[in-house]
């Protein structure tokens, strides 16, 4: 019965999604109600996930699902992060749609669908089901990105994301095909088995793995495949951007880690590539971020940089006994920071996100001192200043890199975080060291403020009590 | 061997307390209605007088002990101790320091009393006496310090006080500049002292860093390091005692009140260098070559200063250069290992030079701060006491028998000759003549002839008793203290030298009586010649001449100050501004500037790649893909 | 025999890539992507022939379904684009850049 | 009650500071609260100082596990090295609160935060914990300069912050390297300095890590040529901030070298000592010369502070007990002298609205008490015997002579250089004719006198009875030097130039 338990959160979310979809058929239901319902479902799922915890690694319904789904600590942690992202995105959307009124009930339902896609992605240990999960997630997110139909920017964003995403998806399928050709199955266990037999990676397997990794690199916006992320984040509405930046990246990295961890030979085969990719991703992201004036674009670029750090963690991870704790912790820390900033943006951005640039936030500290303080905390966490979660994450990643012997990589990571200091401080400087030019009117008491402060609490909580590792 | 005397610490402490009390009173009241001068005067004189009496006590206690263990010490507490370094805040009274002690406190007290009259009605009356007491305290620490480090405390303390007192009239920038000059030049010397101390410690100090233990270990010094220590310490002495090349501050120091010049810049502080060399005689006696250098520096300083002295018009400047010149003598003395002779000259010089300065002070006082000797004249009638006392001082200074200066100076010259330095002796005699000349030039111009400035002359009058009495006492001293060290040839027994013997390391050469007589005759002849020339030129009044040629050069002190200014001070400032204007922003900060520039530029550059055409993004992907696959194919085969 | 199928699929795949990076009309781009997906399907089916198992076919089915869903979304986007600009040239949509 | 004293002095200010920042208060109230807290800290600090016996290594230790999996602990402790820095950080803050009245609550909150973080950095014996506090310490400074600073505050604070963070991130890399190599050599994780002493590192990585540490600390101290953030930073910062920057934060840089670099990197330290001591000398000369050309009195003091820090740093690199104790003593002495001078300049600025030396003059006639106090602090900073400044400088020069005669000589020139610009400034500001600006200069009032008298007494007391401080720090200094001499004995040739006399006193 444990199998079903470990699947329960996924089930809950799915039912929630369907339920909302049905509800939206009725005129009378308000959008707020929908948001509360989705929050409720996220919350319940979150606590269920937390309660069931996870014992040893279990293959869920190995007969029924033919060993596609495997639940372990890592997947649980990733699911928790994703559910948290869903919860706080719902909160920030709630406040966001108070000022920007283009929301319908389906919005929350679709978001929940994407969340089930992601959770499935963390569980799956098989290529085709992974593809399905990716597509569930992606299709939902495509819709969310372009949700504001009137807005040409959103439309352009969805266009770009759709084309490139589908392009990457095609690579993924080709890769899956090649691996199937090489192994005769797409299950990770089978692949591992073949790798156990003949120690070298056969050309088919190599090419297949290559294509799959390319697709995953696209999803996590690693260096050569990063260009979409900036425009899409810019075009999408703030809560969705936050959602993509956090939940999607978590899911993608979960799959990435599982794929690399399926066998040591697989991991070692790609380490060199990932090494260079990590370096390029970090520095490329930094260089892009420096030039940006729009905060969302800056955050997108900084997201690229953080993908670079996560790639370091992937390089340094040990495929033999893979725990993924470092990656999970870093993802959680990064997610908290990013969600927090986007939550604040969602109620400070104003109608049609008229405050989008650094300059628009001059003197925020004078008007909304607490929000400014919260944003500062999040930025410092992303910059990795102690005693925030971001610092701890960075500390674990660098430590793992050192103890795996990738000293050069670790040092480069440190250097890139020196570079990243400037654009994080830039917003703080704007908020604190200038006089207020704007009134920063905020309607009512947005729920997102509460969410923001909860997140601030988490930033320090998981830093000072690093339970995960 | 040494006994303890637990009151030694009090001797410097008394004036220091006086300084503290007076200073606080003055600091708290000076902006409001100032306190009565009587109060300050009383408070100021208590400390010095008490310490004078205690000094006498010390002297007599030492006298009652066997000569070879005449050492009294008092160690209140350990000052600081780190590793092998152990420095006590300790005081040592031996014959040498007791002698210094007595005359420093004696003259100090006299000058305090004199100042009561001289400073009457000045603003910052209290501040003056606070500084004066502070100085006396520091000087006594210098004298009594039982080790180099404690000595250095007094050493820097007196430097500070001389700075404060030189720039006493702070409203006038020149005075403050003179003060700064004094302090900075002294600091240059102090650097030498500190380095010397440090080397000394690492060489032989680790078993105890006070004079007595150092004296026992002195034989451990290796030649190289010992020589270096000697010279470094002498650099310190040069700074404090105004020897070449660091003498330049002393003439400017005359900017301070005249009693200060008398006490600090004639009698006591400036002789600290000589005292220090004598203190370290146990080292210097091991390195006669270093001594020779000192002797030559000293005698050349004497010569140079004498030349300058001959052409000055400011009465205090003349005395200042005479001081430098006499200090030169003293160093010549200690340089040729005649430490007792040098110290004895310090002793006598204190009397007659203090006397001359105080006399000059009362002249200046009488003429309302007129210092130019070409505006004086004929004052003999107006102020007889001053004249008489100053005449004694002048005779003593120019070293004509039987006044004190004769014996001390003659002893030095004789020792120079006896220890085989005829060159030094010859220059010494020459300088003696020049000294006599400029001293009496001053005397004649000031007191003889007829008044050059009539209405100043009419107002001139003898100063009050509080100023004349010290003059008379000092005059008596200047006339008579010579007898303390009468050489055998005059039926004396060199009692001062014998007194000092336990704390000095020196040997008395035995040379023929004729040589001694010859030396004495020579110096007397020089003095007589000098005085007669002065009398010929100025005895009956003379008009101020136009300085030309060498005289002009001498009057402008060979332009040494200007040279220093051009060669050292201006470049120093130039370097400073160069650094802060040019180097700081453009060179040292370059790495910051460059990296920020590169950073922002590359940020701009990377925006270009975000063209916004989805096709191009796809092309990026394909390019990345192909590059990666290329490397992949490389890695396979 | 088998190789030919594979070669064909590879050719199709490359054609798809070329189409995506060379064409600017949204329709053509999506069609090229479909081409790539079908190349993958072909490869799957070929391999399932090699391994004498039906898994490949199943997977091809799955992929087709997903592709259909994607196509549906794509058409919606196309309509949206046409509403905004009246053109289907991808280069027209480049507000977001820099 | 004292087993948690260190935690108290660390977290009481931090929590109060946060509270001040969070709750809406008036500036006056915030100031009062801050003053009370800092006074409490002061008394605890005095208790700690008196209770410290200096014989047995770390005292007042606290230990709690933080991240067991990586052996990161919450470990605090005080020994002879950190004692005087701790004392400086606890003693000097009440002054700041009692003097500067015209600030908003945020300022006082940040001050408290800074104090807590600095004390944390001083007291922590775990590298990671130290790093955490080390970074936190910077944030209040960043905000104080940025919000309350002068006209060019933005560039100044960004330069300072990014420069410093860059250095400390490099240090983080080095710290992690040390931790991992400990894990490799001993099979368990630990960042505790007591364990890390056992570490024996060598090779290129060790040198790189050592240099990373040194760069971080050199930037904080600041050591030439990493000082370029200092003039702008010190000048633009509000005076209270400048005070804690120069009086305490710079010292923590020196302290870090002694505490964390020497025990771990004996070999590299011994090898590079000569280089770094030359850097210290260069900084001393360079900044001392630059000071003479400054028009702004605060900037002048900034350069003078940098110049003195050069000498203090030199004390670390001389690797003998005299120099090291002198350096530790001078840390405190310099805080009381130059730091206090900054406060005086702040008072002048509040009263007259200018810091330009040309506008000042004749203050001594208006304000004798102020002038006297200023003079005493100034004389202490030029190292006059009888003041706190002399002991430290003398010991450092003494040690430098032993380390290398030439360096010792250069170090000695600080006696001259310091006096030049200080007298120059003092003359123009306090003497000469009064300017019309200074006519109205009011002397210190009762409160201010009460504030400054203790520190003036401290300056003189430290000059006359330094042994009370030295006897507490000397044993630890001995241990540290013992470690080094073991190394340098092996390679004495390329590190120290023995002076010939030195060998004699052995026999």
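Going in written order, the chains are labelled A, B, C and D, and every chain counts its residues from 1.
Heads up, the rule we're going with is that contacts are C-beta pairs under 8 Å (C-beta built on N, C-alpha and C of every residue); 3 or more make two chains touch, one makes a residue touch a chain.
Computed from a prediction, not measured in an experiment: that's the story for all the values here.
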Central chain, going by Cα centroids?
-> D
Intercentroid distance (Cα basis), chain D paired with chain C, Å = 66
Distance between the centres, which are taken as Cα means, of chain B and chain A, whole angstrom = 78
Which whole number of Å gives the spacing of the CA centres of chain B and chain C?
-> 98
Distance-wise, how many Å sit between the C-alpha centres of chain B and chain D, to the nearest whole number?
-> 36
In chain C, which residues are in touch with two or more of the other chains?
-> 20, 90, 93-98
Shared interface positions of chain B, touching two or more other chains = 607, 610, 612, 614, 618
Sequence positions of chain A contacting 2 or more other chains = 159-160, 163, 167, 171, 230-231, 291, 422
Go ahead and list every pair of chains that touch.
-> A-B, A-C, A-D, B-C, B-D
Note: in the complex, chain A contacts chain B through residues 159-160, 163-164, 167-168, 171, 203, 206, 210, 214, 218, 223-225, 227-228, 230-231, 272-273, 284, 287-292, 419, 422
Chain B residues touching chain C - in the complex, by the definition given at the top = 607, 610-615, 618-619, 622
Where on chain A is chain C touching in the complex?
-> 128, 131-132, 135, 139, 142-143, 146, 149, 152-153, 155-160, 162-163, 166-167, 169-171, 173-174, 176-178, 180-181, 184-186, 230-231, 234-235, 291
Over in the complex, which chain C residues touch chain A? Could you list them?
-> 9, 13, 16, 20, 26, 29-30, 33, 36-37, 39-41, 43-44, 46-48, 50-51, 53, 55-56, 58-59, 62-63, 66, 69-70, 73-74, 77, 80-81, 84-85, 90, 93-98
Quick one: in the complex, what on chain A touches chain D?
-> 373, 380, 385-387, 391, 395-396, 398-399, 402-403, 407, 410-411, 414-415, 417-418, 421-422, 425, 429, 432-433, 466, 469
